[in-house]
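After the structure tokens below, expect a handful of questions from me.
Note that the chains are named A, B and C in the order they appear, and that numbering of residues resets to 1 at the start of each chain.
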Amino acid sequence: MAPRVDEVKTYPVLDPARALTEPRWVRWVLIAVALSFIALFLLVPLAQVFASALDKGMGYYFNAVREPAALSAVKLTLVAAFFSVVFNSAFGLASAWAITKFRFPGKSLLITLIDLPFTVSPVVSGLIYVLLFGLQGLLGPWLKAHNLHIIFALPGIVLATVFVTFPFISRELIPLMQEQGSEEEEAAMVLGAGGRQIFWKVTLPNIQWGLLYGVILCNARAMGEFGAVSVVSGHIRGLTNTLPLHVEILYNEYDFTAAFAVASLLTFLAVLTLIAKTLVGLKYEKSRQTPAAQAESGIA
Amino acid sequence: MQKAYLYSAALLVVLGSAALASAQVTLLNVSYDPTRELYEDYDKVFADHWKKEKGQDVTINLSNGGSGKQARAIIDGLEADVATLGLAGDIDAIASKAKLLPGNWQSRLPHNSAPYTSAIVLLVRAGNPKHIKDWEDLARPDVSVITANPKTSGGARWNFLAAWGYALKKYGSEEKAREFVGKLYKNVAVLDSGARGSTTTFVERGIGDVLIAWENEAFLAVKELGKGKFEIVVPSASILAEPTVAWVDDNTQKHGTTEVAKAYLEYLYSKEGQEAVARNYYRPQDPKVAAKYAKQFPKIKLFTIDKVFGGWKKAQPAFFGDGGVFDQIYQPGK
Amino acid sequence: MKFKSTGILPGFGLTMGFTLAYLSLIVLIPLAALILKSTTLTWAQFVQEVTSPRVMASYKLTFGASLVGALINSVFGVIVAWVLVRYEFPGKKLVDAMVDLPFALPTAVAGITLTALYAPTGWIGRLLEPLGIPVAYTPLGVVVALTFIGLPFVVRTLQPVLESLDPEMEKAAVSLGAGRWYTVTRVILPTLAPAWITGSSLAFARAVGEYGSVVFIAGNMPMKTEITPLLIITKLEQYDYAGATSIGVVMLVISFTLLLAINWLQSRTGVHRIH
């Protein structure tokens, strides 16, 4: 690296330091434009949430977030997020293993299908479960006869949440495991390790940060889902209202301050997510530089 | 029961749940938007009554939303024990589309299953800057009107029929009524999907000169969102809005709650029930309670949907069905 | 992306079986139910349903506003990404972390917040109102909401590409006598183009399906500010299952097509998607 830079410096054409960046005023203008855009679209809304939430003082705020309906919404939201993280992690690991460790026809179609829920409108995601499990739907009458409850109950809310967060972990792991290749697993295999051992001792340590990163994304989206859950929830106060639905209900009851108070809980969770994401992102970047990548650059 | 089913999903074992005592019964009341305050109040009244009468604890879960949306949820399998919706048309839909209760449900309780009524009134900003006195003024080109979408909101359907009924009487012909209501809807600035949404738009967001609203919503808006900021204008004639209630037979039989569901609705007609109704700005049916709260309600000439429109079974498809009158006259931007 | 595939590692049957079963149960079978339901209409009825004036108006708004939002994001997104990668300024880490806020913030919260901000009584709406620019309850409000939710995509797809840009390339350009403006417009931007398009299409695809943030700010007037996902809900609430599913199928086909295009772009350019 170093000698080449020297070579460049010997060219007398232009001052490279100046030619490799923009004039100071351009930099200032660009930074100002970027920061104004961020401020207008991100900072101001953030401030609005907390300002509206505290509109009627701390006492009102704490009452709003501590009332039983709000607490049960918190619980339901956490449960739904928990299940979607667990299910989608299992799916993410299995699909990434199958896709990156083996060759088979139709691989890119499979990847596209896994991605599909990302672009499907949340409303459609809710609708499909109503069509399937609703009383007028395909399985509705059978479910009713057997006293099983899917939509308007916890399983439906979990299903809709799992659907909208479906690709997040998988899409994080597939490129990562592709990048890392299979050499280490194969070496372990040659040394006599079994499948389970290979997974726990070799693969998982290599992808742990990527997995965690995917989990954070999945969790954030799961806690905030509105459209899909709204279609399948039934809006029973204290039973099937998630936090975002509770926000809507309070908003519809003219209780804007309480709506924003509960919204501020969600915003707080979002900010925590951003912090976690940034921290894990750093570790993740580092881990991607290690074994496989290093080996690759070594060869090169 | 509802709680039991929710938790019956094996998934939730992880979190554990409170065991339910056997001397307890749970009802699910699926209602429309503006009844939350009413039923929060009434549920306590009924729970006390039932405890005294039968020694059983009753828990009532409440679901609120737009009337049409709530009916749709019941049709799709939301296991409501009782449906307390904004208009008979929505309960008719449950009876006809999902067959969860008999077609003659409306004759099972007094007053056509309407334990309380309301009227459609106009809410304007303090001082009435646009001098809105009656329906007439809503068709003026300088007036901006807020109402919800009658295709999705029960309240908005009452609004539409109130204006139509007024015009029909005043001008004497269907065509004139159509022209008037067409003009009125041309003035609509925001067409929210629910009555609550349009109140928010008018009150909180400051859009529009006049809100067409349920009387109880208008009272509540004035009370909750700032006295002195709004005024209620009582039109010269309006429709008697009859929100209806029914127990959903299929679901109550399944839950074994028919008796308590029936009692829950019947008690709405009792003196205690009617008091709760009046406290929450709905017009009671009981003459004694009505007399007691008479001062609270403005006097309006009210016509009924049965007399002017031949009931919901006729009005619903003719006015709000696909390609119906509303679709014909409502063409925004023209 | 080259990788060595071998048949020697275990677990293909197990992982593939689980992948397909889970994919089918959660995604494919329910989507098939949607398509199946729409076949209760004849083709002519279906076409009539999905091309009626009100539905057409909703497509126009949904796709138009999504496009404008994606364009705004593609312009500002490249500036934000550039500034974050190339320049130093106080608070940079914070700004970098904040870019993901629209992704992490629930759409309903975004909806009520943007409405509160841009309503005539809100902090921003109050400033725009005297200028005669109403935002809330107009198509402009829909654009604002869709710009908000699409914001991270362009920035996050461009960032890694900008970071991994070979500095030698710029130096070579300079050594050949290119000025900065020429280097940026003729050397750097063309290399960014695939990622740029990918990021913008992701923002667009996400915006097309968006519901939560838009319904609060749009005002939801048929023919004017009613987005297609809301129309599906409206049809559903009128017990019009066939109508709701027909429009749902159209949305599904469009999102699938968009996705194929995006994945094709990605596979050609090796851009790693962030969300």
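We take it that a residue touches a chain if its C-beta (ideal position, glycine included) is under 8 Å from a C-beta of that chain, and two chains touch if they have at least 3 such contacts.
Nothing here was measured: the structure is a model prediction, and the numbers come from that model.
Greatest centre-to-centre distance from chain A is found for B, with centres as Cα means. Set against one another, A-B and A-C show the most C-beta pairs in contact at A-C.
A straight line joining the Cα centres of chain B and chain C is 38 Å long. If you average the Cα atoms of chain A and of chain B, the two centres end up 39 Å apart.
Chain A and chain C have Cα centroids separated by 15 Å. Within chain B, contacts with two or more other chains are made by residues 75, 97, 197, 204.
Multi-chain contact residues of chain A (touching two or more other chains) are listed as 130, 136-137, 251, 256. Chain contacts: chain C has residues 230, 233, 236 touching two or more partner chains.
Put simply, chain C touches chain B in their complex at residues 115, 119-121, 136-137, 215, 219-224, 230, 233-234, 236-240. Looking at the complex, you find that chain A touches chain C at residues 4, 8, 11, 13-14, 16, 18-23, 27, 30-31, 33-35, 37-38, 40-46, 48-49, 52, 87, 90-91, 93-95, 97-104, 108, 110-124, 127-132, 136-138, 159, 162-163, 166, 168, 171, 175, 178-179, 181-183, 185-186, 189, 194-195, 198-199, 217, 220-221, 223-227, 230-231, 243-245, 247-248, 251, 256, 259-260, 263, 266-267, 269-271, 273-275, 277-278.
Chain B makes touch with chain C in their complex at residues 66, 68-69, 71-72, 75, 93, 97, 149, 151-152, 188-193, 197, 201, 204-207, 322, 330-333.
Across the complex, chain B is touched by residues 75, 79, 83, 130, 133-137, 140, 143-144, 147, 149, 151-155, 158, 234-240, 249, 251-254, 256 of chain A. If you check the complex, the residues on chain B that touch chain A are 2-3, 5-9, 11-12, 15, 28, 30, 33, 36, 61-65, 73, 75-79, 97-98, 194, 196-197, 199-200, 203-204, 220-221, 224-225, 254.
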